[in-house]
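Given below, in the form of structure tokens, are the structures.
First chain A sits with chain B, and in the next complex the same chain sits with chain C.
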Partner chain A sequence: MRRGAAFAIGAGLVALAFVITFTEPDDDALEQPFPVRGDVGQQLVASKFATTLTQARLAGEVDADDWIGTTPGVWLVLDVSGEATIAPLGLDAELTVSGVDYDATTRYGEQTTDSVIAVGFPLVGSVLIELPADILDDAGARSAVLRLTPGFDARLDSVTEVVLDLTSLERLDRVEVEPAREAAP
Partner chain B sequence: MSAWWRVNRWSLLALVAILPIAAYAVLVPRAIPYQDSRPVYEEHALGDTVSYGGADFTLTSLDVLPGWRYDTGSETDLVVAIITVDVTDPRESTCDVRLVQSVEGVERSWNDDLFAGDYDVPDEAETLCSLSEAGEYELQQLYVVPRGVVTDPAVEVTLQEELPRALRLR
Partner chain C sequence: MPADAAAPTTLGDRLRGWLPVIVVAAVLGIAAVVAIPLGGWDEVELQSEVLPEQPIGQPYTGIRLSTAIDDIYLTDVDPGDWIEPEPGERILVVVATIENLTDEPTYPFESGFPPFTVPGLISFDEEPPTRDTSTIRDRDGTSGTLLNPHVPDTFVFAYRVPATLFSGGETVDIGITDAVRAEKADLYSGTRWVGAHVAVEVPMILRDEQ
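The block that comes next holds the complex of A and B.
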């Protein structure tokens, strides 16, 4: 009886080891950032910074005065303010739709994500993300996730996220944007 | 004491000892390189001369000035750090000089600004902490900060190749 119990316990431990091995999270999962989620208009406070997405809309063209952004797709135009709370940092923006990541454009260099933000001096501006023309047909367009991170490497870091229903956003032919500017402390 | 305990006690006690040792053996080799990469700040007072990265550093003044006087904004202060740098062992390196201030127990830092309002850095002073030429020069670092936030400033001098050693001058 005692020998039988020992065999059963041993076999159980081996089975448990298999279960742990095959269900162990991969490296990506182990290094996932810690999101602070909220809504449009809400200030979201992460460990090193705070952000507020005040407005989101779609546009066929972006007018930045000295730069006109045309696209065969569609622009997601976001009004975003960011504030560093510990040390100077640069924000990075990424929109995920159905597992596909779209970064802020590199065609316009005066977005909220293009400057170093000093502690105590919020940076107010826009973030432009170029999306495929048929993005609204994607099932994931109703629950796209905008993630703002402190720099491009967000592994195990605290980040802010807003879930957007792209299909419900106002769609304009042209949106005017201004260069990001430092607001009063 | 049950017979089962008498038979198995040493094995169980050995397990209790082995588990933390195993956890230590797995985690510590990962933690040591991380800890070694973190700056360890040496505190020095205004006027002290400290050898670091082939140069002698002396913080000669660290003043918080009202921003309105220098046109950096009415809601700001201007912090000016003046450091005498005497390079004795030149190298192609620049050091990073950050302003730090503890606010409600959280340490906050600011990068220097090359220009700050209409504050005039004297022509003979430098604004870049360069260690490339032997000799002494005056380094002036300017920081624009929110008004009233910086009350007990310090500057941190960091040179990549000297990490984890770094200086905190106040």
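The block that comes next holds the complex of A and C.
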């Protein structure tokens, strides 16, 4: 009886080792940020900042008055407000579609993601992301994830996320955008 | 006559002594007969070292980028108006259309290895200092070089060069590069590339816009 129990315990430990081996998170999972998810129009509060995505649409061209942004693809134009809650910070934006990442453009330097946001002074402006012309043919376009992070390195940090159905967005020939500005707190 | 006196040698005996020399000479002679009509030993180029030629303006599809070299010319004015040649210098301009084929945003000249090489100017080991270069987008003149995946665009790369380095009318072999994605990146984000090499060459006749 005692020998049988020892065998059972041994087999159980071996099985447990297998379970641990095959369910252990990989290196990427160990560094994943903690997302606060919500919808368009909803203020999302992360640990260091808060964001609100108020509008999203697609455009063939962006008019920023002194810069006309043409593209061989299509623009995702986002109206985003950001607010630092602990210390000044700069936001970073990234859209992920079917595992492919897209960053905000570097061609227009007056987006919400281009300025340092001071505590108590929310910044209101746009974020422009250049996407491939056939992005709407991608099955993942119905569940694209917009992630706003406090800076470039978001490892183990608190971030905000909004899931967007790109195929349902209004598509315009041209969208006018204005430089990001401080809004009333 | 002493018993140990040498016996008279025959012609055959003499030839036998020279046999190694005769064999070597014969082998060399046959080799020469074969090699000379083919251009000699030194002029045969290993086919594995011959780089394929890529037509002007036609994209070469690699692993990281798809790159087409559209134009190359010498000028005295930077199209981006960022750099100015000193006396004794000129501006070499390379126009290239590049598409990011990876699944993450990239900066073509800041992501491990240059997208193209220019003899005497850009290689894997050396690139011109930033203060000697300028890059703009052909479509709007902006300087940001971020390339999101699968959104191709045309860039105008300008380099300050000694006036004696290139001359109008000469052929410049622009090398389009490629590499292999490392199995595991060491970095938090981005990709580590290994085995960077010139995959194809685009022979371009250098225009002078003086």
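Note that the second predicted complex is superposed on the first by the 185 of 185 C-alpha atoms of A that agree within 3 Å, B and C clash if a C-alpha of one lies under 4 Å from a C-alpha of the other, contacts with A are read in each partner's own complex, and residues count from 1 in each chain.
Keep in mind that, in the parts below, a residue touches a chain if its C-beta (ideal position, glycine included) is under 8 Å from a C-beta of that chain, and two chains touch if they have at least 3 such contacts.
All of these numbers come straight from a predicted model, not from anything done at the bench.
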item: Combined model on chain A where chain B meets chain C, clash or fit; value: fit
item: Touched partner set for A:65, first chain B, second chain C, both or neither; value: neither
item: Contacts of A:176 with chain B and chain C, given as first, second, both or neither; value: neither
item: Chain B versus chain C as contact partner of A:31, first or second or both or neither; value: second
item: Residues of chain A touched, compared between chain B and chain C (which is higher); value: C
item: Contacts of A:88 with chain B and chain C, given as first, second, both or neither; value: first
item: Chain B versus chain C as contact partner of A:73, first or second or both or neither; value: second
item: Angle, in degrees and to the nearest 10, that opens at chain A between the C-alpha centres of chain B and chain C; value: 100
item: Chain B versus chain C as contact partner of A:153, first or second or both or neither; value: second
item: Contacts of A:39 with chain B and chain C, given as first, second, both or neither; value: neither
item: Per-pair minimum CA distance [chain C against chain B, superposed on A] in Å; value: 18
item: Interface residues, chain A side, partner chain B - complex; value: 85-88, 116, 118-121, 184-185
item: Chain B residues within the chain A interface of the complex; value: 73, 75-76, 98, 106-111, 144-147, 149
item: Chain C-touching residues of chain A, taken from the complex the two chains share; value: 31, 67-73, 99-103, 105-108, 129-133, 153, 155
item: Contact footprint of chain A on chain C as seen in their complex; value: 103-105, 137, 139-140, 142, 144-146, 148-153, 188
